[in-house]
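Each in structure tokens, the structures are laid out below.
Both of the next two complexes hold chain A, though its partner changes from chain B to chain C.
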Partner chain A sequence: MSRIQIDRVTKKYGKVIAINNLSFSCEDSELIIVLGKPGAGKSTLLRMLAGIEEPNEGQIYFGNNLMNGVAPEKRNVAMAFETYALYPHFLVKQNMLSPLMSPNNTIDKNLREKRIHEVSQLLEIEPLLERKPSQLSGGQRQRVSLARALVKAEDTNCVFLDEPISHLDARLRNSLRGELKKYLKDKKATVIYTTADYAEALGIADRILIIIDGTVRMFASPDKVFDEPKDLGVANMIGDPKINIFEVNGKGTIQVGDLTPTLKYFEKVQAKYIGIRPLDINIMSSKNLDLIPGTVYVTEPIGYDQIVRVMVGSKMINIKMPLENNTFAINQPVWLDINWKNGLIFDNDGMLKGLD
Partner chain B sequence: MDKKNTLSKTLRTVGLIFWGIFALFPVYWIIITAFKQSKDIYQGPFLLPFVDFQPTIAAWTKLMGPSKDQFINALTNSILFASVSALIAVLLGSFAGYGLARYSYKYGNMKNNDLSFLIISQRIMPPIVAVIALFAIFSFIKLLDTKVGMILVYTWFNLPLTVYIITDFISRIPRDIEYAAAIDGYGKIHQIFRITLPLAMPGLTAAYLLAFFFSWNDFLLALMLTFRKASTLPIMIMNLSTTDNPQWWFISAVGIISIIPPMIAAIVLDHFIDRQLLSGGTR
Partner chain C sequence: MTTIGIENVSKIYDGKVVGVDDISLSINEGEFMAFLGPSGCGKTSTLRMIAGLEEISKGTIYFDQKPINEIPSNRRNVAMAFENYGLYPHMSVYENIAYPLKLRGFTHDQIAKKVVEIVRLLKFESYLDDKPSDLSGGVQQRVSLARALVRNPSVLLLDEPISHLDSELRNQMRGELKRLHALNKTTTIYVTHDQLEALTMADRIAVMSQGKIRQVGTPKKIFYSPQDQFVATFVGEPPMNIISCSVIQNEDTVDIWAGKYRMILFPIRQSANLIEDIKNTNNEVNVGIRPMDFEVSDDPRIGIQVEVRLGEHLGENTLYHLGSVVGPLLYLTSRSNKFKEGGTLVLKPLKNRMHFFSKKTAMAIKILD
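Our next item is the complex of A and B:
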């Protein structure tokens, strides 16, 4: 458990720049989620922190100690690999015991058993302890890989989790999200955790580090990331379905498909793009000349909610609304009531602007 | 559907039986020949013992009698050269293989692939080309007809093969598994003995067996570099057939013996060749 600091780190693979001049720091016992699309450089970042890859430039500190050039086995960290990296010739239990019996970190036998019991119960892998990894399904292997990182969570400098629950089935992923957060918080572990799932990030992070193309795009608390995404790139990553982005042409004229409604409200604002969340649009099935006409492309009823995708000209608009109101048929003409006042406003460079 | 299955099954069975006879008949032939007398061989072909001809153990009594010393010497030499040279070749091959699989080298323009090619390219040259030079060298450094010399020459000849096989095998072991061990707190030596070595075992075993078989079956190098003391089974068999009247029954008896050690090696070591060993480790 210690503070972790990354100072202007760059990592190149040949000519490809995976991480570009990236800096951030993580406080003791903080849970940081690194959110980014596949290929954004999340895994590279974790692997540099763990000591598997060396940065080309920049420094990594654990507490006050410079970690550059220190071998992974000397860093006292735990990690769940995206590739699982289980020991195929060991049983599941032996895999989990491995970090507890290393030459640098041997733990009393009773305590080992207790840890294994606790973690395997948490991850629902107790019945699998005496099996070989080859006898497990993909999701079970991922849980074993996570378990091997968690048994050591409380005695390490930092726990690195590389998409640790990405391949579990949806039910388990959702239930485990909270359990995992509680476990890591109970152990007061310092955690850096990568994911491509914004809901996972919002749900469990103390702070979210958003990486796009190897650089930090935003580093803030989950509510801040959700309410005030710093730019279009961040806004596009948060929320499901995706936020709707409309271009603004001149003073208060908005491009919605082929239509160009003019809104007095935006005349005073220097805006280039407006982002409207799927929840901020209402659908009317009766004709209304004040509203924007479109046709339903497809509907997806999901429990209490429905996601409706509406075409206005060639522009597809994502809408999320409660299912109770009414339902729509494919190709049905509808009229959209867009709550422009809740829109996020972005300037010419795609950066978020306040309304004032 | 059922009919088609039955047909293909029948065809497969017939094919396998045919192949089995093709492969095993020579073995059967030397086994019965080892129990024949000269008249049964030259008046033959006789196929069925007790029906066509009366078996005799004359060849075996000779093998264990007058020819015993020569035979035991050749047999122990063959076993010693094959097993020790294969062991050294696998040991050195693992060092080279691990290095080539896990580190990047650059000597001038040569990178890992070029180095691998350089090593395996030693096998492109037919051994007959090297053998004259080897004879001259061995005679100069007094290694002709010595056990050490033969172990050395077989190690030299097998090393490219073992390096090649082991490099390929180790590069199939995902590096993340070794990294996981490092993260768990194990240093390089532990990583190798706990993780890499057990996972590379099938590759090491396969390399050992191939090296063993090569040395066991070698005729040319033994012919040129040994006279008597360091002679091997193939040389003994050849000497038996170059006498005025080849003693086929005796040659067959030695032949049967020479099948057994590699067979035992293959059966024992096959236990280590688990082709599924790596499965389950990664996604």
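Our next item is the complex of A and C:
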């Protein structure tokens, strides 16, 4: 358990800058999720924290201790990486025990057994304990790798998890998310955890660090990230289906596909883009000249709800609504009632503006 | 356009391991049928028998009422895309996709037009000259899919065709594939373990487990009226809560109790099936409630007290992990309803949104109108 501070860290691979002058700090017992697309630099960041890679510039501190140049095994961290790296000749249980069996460990046998039991139950791998890694599926190996990090979560400075549940099927991923958070919180672990899945980030983070092209775009609570995405890049990463971004042409005219409706509401606002969430659009099946005409591209029912994708000219608009009593056919003409008042407003640089 | 009949089909490996256990199903002309189930449920074995890649151990498969058991794979006019791609390593992406068209005698120009069209739809135009070994798994998967889609086969067989794509692309592809099917109406079988793909894309879903078909129906039917407890818990995210309850018959009502809490009461005239079932189960029944189908109880007679263990922010909604006398429960509600971790509240199920499953057979018990 320890505060972590990253100070102006840069990492280059040849000419490619993976992490660019990045700073942030994480409080003791805080759970930080690093959210970014594949290639954004989040694994590189984690590998530097774990000591597997060294930064070209900048400092990394755990508490008051400078970690640059300290070997991974001397950093007292628990980690699980996407490549699993299990010992192939050990059984699953032996793999899980390995971090608890270092020469200078002081954990007694009963406690070790208790932790193995607790973690294997949490990750639903109890039936696998006597197997070799080669007998496991990718998702099972990922859980064993995660288990190995969790058994020593409470003894370490911090826990680094690199996309720890990304290879599990949707069902397990959804059920594990909450349990994993509860476990890490109970152990008061300081955690830095990477993912490309915004729902995972919103669901379990204390704060979300959003990385785009090796730099921090936003660092805030899940509520803040969801309600007030700092710029278009962040807004585009949050939500399924995605938020709809419309361009404002000036004088309150908005470009919606090939149409340019005028909206009095925006005449006074210096807006360049308006972001409309999929829930803020209603679909009408009968002609209405006040609304925006489009054609249904496809519909996707999901239980009680559905996603409807509508083309207005060449622009696809994502809409989410209850399934009941609302069925649409592909290529059916429809009219969109967009709740512009709930829109997020972005300026010329794509930065979010408050409405004043 | 082809109908597919599957009649008492089994797949038995090494004379003893039953992969597919006596299933029957008919797939209509132009239909999009999903085979949905966990790994090992028999969905891929069934698809491979239809494709002709595996021998049919027992039973008969028909295309347009004609048995195809003895017809070799290459004469069934089926196109396939598999999870492990099966691309020709020495050919470029373009050549891989063009190959089935070349075999069918299309001209150079026709081939180019079709390839470009499909590649644009699946969004990998920039890889046409690459060799498969230079590509990520996600792109290889799209090449495999493109090769299956590019010719107009009479049957399209897809085995987890988008499972290796990143989530953003997967969400896009779902809609594109569904639309493509709606416009071409090629009879399609789509194997997936992902309930979201099945619900969003299919005309009908066959839910499978342990080599058997548990239920066949439209996505709406499968979600709203699951036929057994397996289907109920496998389809729907987050998964349905299953609560072991006891049933008490009064003079004109039936009460359902979860431990010391009365969850709901029914008029006795609606409960004939339930009363019949619990004769053999010590008056117990499993009640299924989806996480979004609870509300805070305003009725002092009914409701279950729960403790809030954890709230997960999921955008517009919050998923609460609850503790209760009957074990952990999930409750999904609009994020405007805020509950403190560690606090307690009393929930009741939404009317007409409860499911009942026999303790003995796990089959759904219908509550009468």
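General remarks:
As a working rule, the second predicted complex is superposed on the first by the 352 of 356 C-alpha atoms of A that agree within 3 Å, B and C clash if a C-alpha of one lies under 4 Å from a C-alpha of the other, contacts with A are read in each partner's own complex, and residues count from 1 in each chain.
In this text, a contact is a pair of C-beta atoms (placed from the backbone, for glycine too) under 8 Å apart; a residue touches a chain by one contact, two chains touch by 3 or more.
The structure presented is a predicted model; accordingly, all values stated were derived computationally and were not measured.
Look at chain A after the overlay: chain B and chain C fit there side by side. Applying the stated contact rule after C-alpha superposition, one finds that A:65 touches neither chain B nor chain C.
The vertex angle at chain A, taken between the C-alpha centres of chain B and chain C once both structures are aligned on chain A, is 80 degrees to the nearest 10.
Within the superposed three-chain model, A:78 lies in touch with chain B and out of touch with chain C [touch as defined at top].
In the superposition on chain A, A:51 makes contact with chain B only, not with chain C.
Touch criterion met: A:88 reaches chain B, while chain C stays clear of it.
Within the superposed three-chain model, A:167 lies in touch with chain B and out of touch with chain C [touch as defined at top]. When the two complexes are overlaid on their common chain A, residue A:342 makes contact with neither chain B nor chain C. After superposing the two complexes on chain A, the shortest C-alpha to C-alpha distance between chain B and chain C comes to 8 Å.
Once the two complexes are overlaid on chain A, none of the chain A residues touched by chain B in the first is touched by chain C in the second.
By the touch rule above, chain C contacts chain A in their complex via residues 38-39, 166-167, 171, 174-176, 178-179, 182-183, 193-196, 199-201, 219-220, 223, 234, 236-239, 290, 292, 309-310, 312-316, 319, 321.
Chain B meets chain A in the complex at residues 174, 176-177, 179-187, 190, 195, 198-199, 276-283. Within the complex formed with chain C, the residues of chain A that make contact are 37-38, 137, 169-171, 174-175, 177-179, 181-182, 196-197, 199, 202-204, 222-223, 226, 238-241, 279, 297-298, 300-304, 307, 309, 323, 330. Partner chain B is touched in their complex by these residues of chain A: 50-52, 71-73, 76-79, 81-89, 98-99, 102-105, 132-136, 138, 141-142, 148, 152, 167.
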